[in-house]
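One chain, chain A, links the two complexes that follow: it is found with chain B in the first and with chain C in the second.
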Partner chain A sequence: MENAIKAKVKKFLSRFFKSQEIADDQDIFSLGFVNSLFAMQLVLFLEKEFDIMVDTEDLDLENFRTIDLITSFVEKKQA
Partner chain B sequence: MKKIKCVIWDLDHTVWNGVLLEDGDNVQLREGIVEIIQELDRRGILQSISSRNEEEMAMAKLKEFGLDEYFLYPQINWNAKSSSIKKIVESINIGMDTIAFVDDQPFEREEVGAALPDVLLIDALDTDQLLGMPEMNPTFITDDSKNRRLMYMSDIKRKEIEESFEGPQEEFLASLGMELTISPVTTDDLQRAEELTVRTHQLNTTGYTYSYEELDQLRHSPDHKLMIVDLKDKYGTYGKIGLILLECKEEAWYIKLLLMSCRVMSRGIGSILINYIMQLAKENNVTLRAEFVKTDRNRMMLITYKFAGFKEMETNGNHILFENDLSLVQPYPDYVQVTVKDTIEVSN
Partner chain C sequence: MKTELTDEQLAHKEAFRRFVDEEVVPYAREHDLEERLNPAVIDKVIEKGYLGSMIPTKFGGTGMDMVTLGILNEEIGRGCASLRCLLTVHGMLALAILRWGTQQQRTDYLPRLAKGEILGAFALSEPNVGSDAKSVETTAVLDGDEYVLTGTKKWITMGQIADLFLIIAKCEGQPTAFLVERERPGFCTKAMKGLLGTRATMIAELHMDNCRIPKENIIGRVGTGLTHVGLSCLDYGRYTVAWGCVGTAQAAFEASVAYARDRQQFGAPLSDNQLIRKMISEMTVNIKAARQLCYHAGYLKEVGDPDTIMETWVAKYYASTMVTKVTSDAVQIFGGNGCLDQYPVERYFRDAKINEIIEGSTQMHEILIASHIFKTM
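The block that comes next holds the complex of A and B.
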């Protein structure tokens, strides 16, 4: 079921990184300026879409740096 | 006591005498109402309408009276007034506890009071006392308060364009031609600076408030940097929308205050200001720390800090002390032109 989560995350990200094709292990934070609004929208999207709570201690760049990391973070939270 | 940021008016028997649908052309403005509306506007208090009425007819009447332009997001429909008020509050993006509702009918006030207990309810019979109420008297009236309604009007225009904009967010932001200026707080800015510390809740890292006198001292203090942020774009000015206070200590620089008006929520300004501070710290070769006080409303700033690479050093209840190792300082984004005035130059 890995791909259901991943597909949704990719779709969400494509709204922000329209011109680029992002590899699953590519650091999205190195692609350019990541603004506060994107960060907030990403967190709210994950919470709503996957019915999880992103706690303060989860707000670590290491959980959100790549599509792979976001996917495994969601899986971990859902477990 | 909370200061009121927006007064929401009923129409029949409140703004005018009579019932529009029954009396039509015969309705007359209540005595003194224009003066009240104009004075609230001058004080920077926003105004809107929640009326059960025929929308087209009511707006035409307001226009005839020359009052239509004073109201943001007027809600004229047959829904419960509490739901209209909710809509206004969401559109303006302010706290429910900064709203006052004026209506002549006890039934309507009770309905609103039951659904939205934070709203200040005012009987239309008491409007002659409205201007004297402490809640309706902001501590200062600044240029930004006098222009507040107009600035919200430009926001409405921007929002319409944003909603119809097809394409990624960054392209929309680029289309605005934003110019951000960061400058040291001057005497002229002190009232607005105090107003910002008092009024800003969502995009505020600590919620510390400072008085005019305290800010004036900090402005001259060799151990502090106090900066104010100004934003404009092709639709007009947003005014002075942000404030930064750094405390420069021997062992590190501390961000005591980082706040922005919620009107710039969707402009990505938070990250720009944080990156400005990070560059400044880097060029001065100092350790950068940030105080943070968690509230139920400032989560966006917490996320902004965390995603900018700030790490918790200490956590004590709602108080967090962050440190940033400055290993990743991002350049400013292309969609906004940043100018730093009269302070240590920061490369762009």
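The block that comes next holds the complex of A and C.
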């Protein structure tokens, strides 16, 4: 389950980080590639792909900073 | 792949068109000249439930799908661009509450917004802040159980008549969204006059002088005022503006075809002139292209695809530059009559230009679209 979620997240992120391999624990917001548009696209992607609702209380960088954290967040929301 | 409208969407389009022809078009010139929307027209929009078009039925709205909602904005835009702006800013506020508000905020405000008991507006721009939205100077400071807002907003569409405002202010140094009711002490509005186009959008300056609001009036979290709340509002804004452009262009196109058929020069109708036909052909193709981009963006919204944000930028960019050209050609076809306010095309021409400035200027679109391409290709 975790691997399937992670694979989908990685595939989505690869659109924005084409020239760079991102480690699962790497801070994607510190790489300088993302902007506010990406933040909202990420929310829409997670909601559509995993059939979850990202609520106001979820808007914490600690839920989205790395691939590992995004994966855990999706698992938590689906539980 | 199927790109045709459903029977239900076609029926809606027909109903919207009839409403606009009967209840909106006859007032559009008056709106422009008097720089205000006729309250009776707003009442008719409310009666039809159009102010609740973006609000789900469980909150009293009509819960239209995104494509139908786009068609509504096209048709209203065809009749009166200023009235379409009301749908846009009212919807931006309503969707902010729906998407990022608390359950209490949703139940408190959405049913009243849906019924048109209160009107909404979105307040980001300031005297010193346009495209550089992150630099808003309005501040919000938490003081006990209240936020204290201080600052000035400018160019706020429907600022003269709205009851509830979504204010973007700096809180702890970060852009943050707040709901402010008109009657809050320390809050006042000052009408602005003399706009080039969409003259009945009733824009205003908003002044907040130690305006106190309950801390529960925050929308989203501190720091999410632009990244999430503002961006989703502006995405809806751009989507409906793009559709409004298609509507205004359609109005200019229909007027041009009728005029070219009737107007006689050199013993023949203008429509026989090949250079007039060139302009009509370009109008036809460009309006269709813009409408298809809008349909595409609407479809992506309906299915929740993250690409909808960029596709909406693309649609708004194309539609807003298209409508400037189409309405300019319409004035050209009308000749001297096109420069006179007894004919509607000079209004379409003035209204059109506004769309290249609101919800992101043409140049901001060019920067963002190209930047996205270089990032993702």
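Here is the rule we use: the second predicted complex is superposed on the first by the 78 of 79 C-alpha atoms of A that agree within 3 Å, B and C clash if a C-alpha of one lies under 4 Å from a C-alpha of the other, contacts with A are read in each partner's own complex, and residues count from 1 in each chain.
Methods note: contacts are C-beta pairs under 8 Å (C-beta built on N, C-alpha and C of every residue); 3 or more make two chains touch, one makes a residue touch a chain.
Computed from a predicted structure; not experimentally measured.
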item: Touched partner set for A:48, first chain B, second chain C, both or neither; value: second
item: Partner chain in contact with A:56 - chain B first, chain C second, else both or neither; value: both
item: Partner chain(s) touched by A:36 [first = chain B, second = chain C, both, neither]; value: both
item: Contact residues of chain A, present in both the chain B and the chain C interface; value: 15-16, 18, 33, 36-37, 39-40, 43, 56, 59-60
item: Chain A to chain B touching residues, read off their complex; value: 15-19, 29, 32-40, 43, 56, 59-61, 64
item: Complex interface listing, chain A residues touching chain C; value: 12, 15-16, 18, 33, 36-37, 39-45, 47-48, 56-57, 59-60
item: Chain A-facing residues of chain C, complex; value: 100-102, 220-221, 224, 226-228, 231-232, 235, 303-310, 368, 372, 375-377
item: Complex interface listing, chain B residues touching chain A; value: 167-170, 265-272, 274, 294, 299-304, 306-307, 309, 328, 330-334
